[in-house]
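First chain written, first letter: the chains are A, B and C, and each begins at residue 1.
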Amino acid sequence: MKVLVVAEHLNGKLEDITFEMLGKAKELGTAEVALLGHNAKDLAAQLGKADSVIYMDSPELAEFNPDTYSKGLKAIVEARQPDIVLVGNTSMGMDLAAALSVDMGMPLVAYAIDVAADKVVSSLYGGKMNVESAVSTPFIASVLAGSFPADAGRGEGSPAVEEMAAPDFGSVKVRFKQLIEPEGGDVDITQQPILVSVGRGIQSEDNLPMAEELANKLGGAVSASRPIIDNKWLPKTRQVGKSGLKVKPKLYLTLGISGAPEHIEGMKDADLIIAVNTDLKAPIFDYAHYGTTVDLFDLVPALTEKL
Amino acid sequence: MHETREVFRLFPQALQIAFYLVGFATIFYFLFGSYKIVQKYRKGRPAGRWNQLGARFMKALGTMAKHSTLSKRNKYVGVAHWLIFWGFVVLFIGTVIVALDHDFLRFMGVHLLQGKFYLWFSLFLDVFGVGFLVGLLMMAFRRAKKPPELDYTRPDLPQGKYDRKPYVTDDKIFLWLLFFIGLTGFLIEGLRIVGDNYPSFEVWSPVGWMLAHALDALGLSAKANTIFIYTWWFHAVMVLGFIAYLPHSKAMHILVDFANLMFKDDLAAKRLPKVTEEKMKEGMGYLKLTDFTWKELMDFDACTKCGRCHVACPARASGAPLSPRDLILEMRTFSEIKAGTLEWFMQAESNGWTNKKEPAIAGDVIKADTLWACTTCMACVEACPVGIEHLTTIVNLRRTLVDEGNMEDSLQDVLMNIGDYGNSFGQSDRMRAKWTKELDFKIKDARKEEVDYLWYVGDYASYDQRIQSISRKVAKILNDAGVSFGILYEAEKNSGNDVRRIGEEGLYEMLVEDNMAALEEASFKEIFTTDPHTLNTLKNEYPEFGGHYKVKHYTQLLIELIKSGKLQLKKKLDYTVTYHDPCYLGRYNGITEEPRELLQLLGVKLKEMPRNRTNSFCCGAGGGRIWMDDSKLEKRPSEMRIEEALALGEVDCFIVACPKDYAMYSDAVKTSGNEGKLEVKDVIDLLEEALS
Amino acid sequence: MNIIVLIKQVPDLVEELELDSSGKDLDREWLKYKVNEFDDHALEEALLLKEEHGGTVTAMALDGQDIDKALYAAAAKGADRVVKITGLEGNPSNHEAAKAFANAISGMDYQAVFTGVQSVEDRDGQLPVLVAHYLGIPHVSVVSGVKIEGDKAVVYKEYGGGMMAELEVDLPAVLGIQAARETPRYVPVARVRRAMRSTEMEEVSAGDVSGAAAGSEVARMFKPETGQGAEMLEGSAEEVADKIVSILKEKGIV
């Protein structure tokens, strides 16, 4: 099986999804990584596990661009004729996978959590149902972040790098302007050893100080699920989840979080997960190590006192 | 000397003519002003209040005579106003008799004001005149002590952004003008008596008699007749001034309020008006002044700024930007500016909307936050002594906000849930009867079997975990008592009471249609419910859509069962409790005694909170507020109520009879830091204990 | 500025999902459908842009269960035209749906096509980019902010962790909308009812969708294995707090 892994990088750093897919690709057969960018050849050095790296350099590829990247990727796929193309089911990946599928007439299976030579398992319906698709090569699978271990794709050594000339991009209809970083200066939750995470169950902005006190006592910080960020009770830098940050703290204590798949994606690798939610059926309890249905408004003050 | 009074005593012809000229001019000005007021109302839509005119008139007359709405919960004001009111009426009638006598009857050879009649006339007027002044002084004294009702601070604007001085000026002028009219009246009497050298019959004007002696003592008897003329003119100018001032100030309540009381509807706010087909074409809510009914327009003018609604309102008390009084006054200013009849002392600067060419009533004149703050508890309507129905104006303006989508996201979500799933929890309609699974018997399905009682459960009693246990207790007790009852299972939807009060009339009508279809399918004799909100709309509003049902509250049913022996109380309970009257049960539907009767049968000792029965203080959940953000409130109404209960001293339990009350007060006990000091229990919790 | 908004109905996840007898699809008889929430955002953004720049908004959807109600709701919110695409049977793949949309759209006068970035039923890929490539026009997906500047759009593409890229796109283009700048507006029931009586529902044929296929078949569907599940701590708040403290001490966290 020839597997082509589409590398994702942002701000000069390779994203974890690249390594996750690379590890899986190695399991399936020979792994080739398509790396598009500008003056980004040094990134190839991190792809030690790959059998080879196809590096395409062009100023038009300096930043991710749905137009030029699809054209570039198409050229690579046409030239290398892989059996399976692995793309991230991510913001960048979504702009590439379907384009490739239509342009090359290749089948596409999305939301993949497992890939084999003749089948792909996808997680659909908000995580409530898995769907196994029977598919024949060549096909494209767009892979959900966190489905495979990133460590399996990391390795020492320098892979063989083959440079490929960028195609003529023709009239390019999308242009990159700038990258916008979130309002920082705030706490970096990905670096915190302990996180007390609040969800809808906290009910009101007025109840945040209670969570902050507990977090302080524990020597950590407060993070939150999407609804809290949408309400603007905390800045986006505190958001844990698919469209927020991925965290791996020693302790992740949830208060009133139901456990939607998008949130779970951001924290399921935490060492110790303790969930507090009055709803016994909340999905968070499937992923937590310990749980309780005691009312958080009773528990938090009690816990803060005992620490 | 003959017992009579000389009209225009000491007045040269010229002066009399001058008086008549000025007098007529003033009266025309007054009539014109009053006409403009009536014109304002005529621009409004029909209100359907012309039914039973006779009964309405008599009822209003009775209210006015007894001053029942004014004395309610404030005897002091009741007495003071009664004195002022009847003083004014008597003096007015007295003056009319004088004018009649002098200007008409005289030419027919009749002279009323003489002899015995005149003596009693004088005494009567003097006594009521004193009462008049005493009443005014009582009010002035009360005003000086700065009662909270007369605090004109606006809850919706920061200090410095508005000026209430014009209101205060109007108040002061009204009070002191009347006072000095009365005082100068007595002075004139005294001056006349001393000037005429104490004719013996004048002792029938005791005040004048005593004043005459006082004037004498001050050495003014020589100049009495001169001073008399000046005082008379001063008095006349003030009176004429008052007449001119009346339609252009808060004094207009003298004209408007009897009518407002007469055209008040007992069902106002309990049964909200439908939106007519006509109106629907432009929009569901009120957009222009002409959308309001004439009764609503009259409501704006009827307000005397007494402040009772302002003080009763739970939203205002919790720091929300709503004062029912300010809302009505703002609408008044708006309608006056539109009609060009702005009161003399009113400001044109109001709330920032006067700069706009076409301010939106819902949104600019009355801010959206103000309208959304209302819990629809009806305390304002209940407290108002002059029959203002604030709530219909609020809901009609909310209808406009809903039309525009101008509401909090959380409220939007709830309305979508109710529309999609028939309940405010956003859970599947198939789960509605899941709470019954834990019972060891199956509740009858009223769609399939005939039952005596249909139990309309309601959203909270079906989907909220805490209330589900209460529902199970009710079910078990009724089952043990052998009552034939059933539920609609998943065919039951939110009854729509709060949806209507939020202003989503379209969704309300959809719910009524669906619920009535479900009720059609079922066979039952009566409906009972544990939810007062449901009770209100089923009983008062569904009939207009063709749904006529007998609806009871479960406490009423439980009393029947105890009295008929179907439920045998095994023991008397030893608690000291206080009972919170749910707004929609007590104030809205007058059911206050049965729950108390039930508590009495259970043997508990009942201590009443200061605000009880129809004066109960809302938990803050109604009108959709339970689904809105309350984090900006200074203090939740439910927390204030818990503190009111705790202030009673030795109280073990806070008893509720409404699912939302149970949810709100259970939370309030915790969030106010009073856990362990007071237990919130439903009536059924106590009954369960007494039956075991 | 004419915008076409593509709307899709998806299974409502509030219910428990059951499989049909074949095990290859959901039991659709009991399913409730609702409009894909991201399509709501797409419609909202289109309506807001129309309020800002003028022009028209056309709401378009494939024929299906309850779709009429969704289209009338779009009209009630302010869409000028509502178009239903007929002729596609059963549960078409996103590729087929995209081709059908492209067929219907290609004859129209438009500057942008908006649709939700993804839905819960996107087995063969997400709709926005598929539609763009069948139409042969540019695309940007995962967009959370749109500004129109003449014949170009400036869009904000969301990456994880709050990072965003500002990109400029030549119109006409397809945008996959992640979030509108405002929460999608509520449309009162009364307005939807009025729209039902006064709006013309246009129908257009799906046209030829052969050649647009998912390229794979569903072999089976199965419920995911949930994790072992948490060990539940019972007792009063005090007791549970004590238990938590001892767990934390045991793990060396405190």
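Following the convention adopted for this analysis, a residue touches a chain if its C-beta (ideal position, glycine included) is under 8 Å from a C-beta of that chain, and two chains touch if they have at least 3 such contacts.
Since the model is a prediction, treat every value here as computed from it, not as a measurement.
**Q** Is the chain-to-chain touch network here best called a line, a ring, a star, complete, or other?
**A** Per interface graph, the chains form a complete graph.
**Q** Counting C-beta pairs in contact, does A-C beat A-B or the other way around?
**A** A-C
**Q** Whole-Å distance, subunit B centre to subunit C centre, using C-alpha means?
**A** Roughly 49 Å separates the two chain centres.
**Q** Using mean CA coordinates as chain centres, what's the subunit A-subunit C distance in Å?
**A** Each chain reduced to its C-alpha mean, subunit A and subunit C end up 20 Å apart.
**Q** Centroid of subunit A to centroid of subunit B, CA atoms only: how many Å?
**A** Chain centroid spacing, subunit A to subunit B, equals 59 Å.
**Q** Find every residue in subunit A that makes contact with two or more other chains and list them.
**A** Where subunit A meets two or more other chains at a single residue, that happens at 298.
**Q** Over in the complex, which subunit B residues touch subunit C? Could you list them?
**A** 275, 280, 284, 402-403, 405, 407, 409, 412, 415-416, 419-421, 426-428, 430, 504-507, 509-510
**Q** Can you tell me which positions in subunit C touch subunit A when the two form their complex?
**A** Subunit C reaches subunit A through residues 11, 13, 17, 26, 95, 98, 117-118, 120-126, 128-130, 132-134, 137-142, 154, 156-170, 173, 176, 178, 212-224, 226-227, 229-238, 240-242, 244-245, 247-248, 251, 253-254.
**Q** If we count contacts the way the header does, which residues on subunit A are in touch with subunit C in the complex?
**A** Per the stated touch rule, the residues are 10-11, 63-67, 90-92, 94-95, 97-99, 101-103, 106-111, 119-120, 122-135, 139, 142, 173-182, 194, 218, 236-237, 239, 242-246, 250-251, 271-275, 283, 285-295, 298-299, 302-303, 305-307.
**Q** Considering only the defined contacts, which subunit B positions touch subunit A in the complex?
**A** 465, 629-631, 670-671
**Q** Applying the document's contact rule, which stretches of subunit C touch subunit B when the two form their complex?
**A** For subunit C paired with subunit B, touching residues are 12, 14-15, 32, 34, 183, 185-194.
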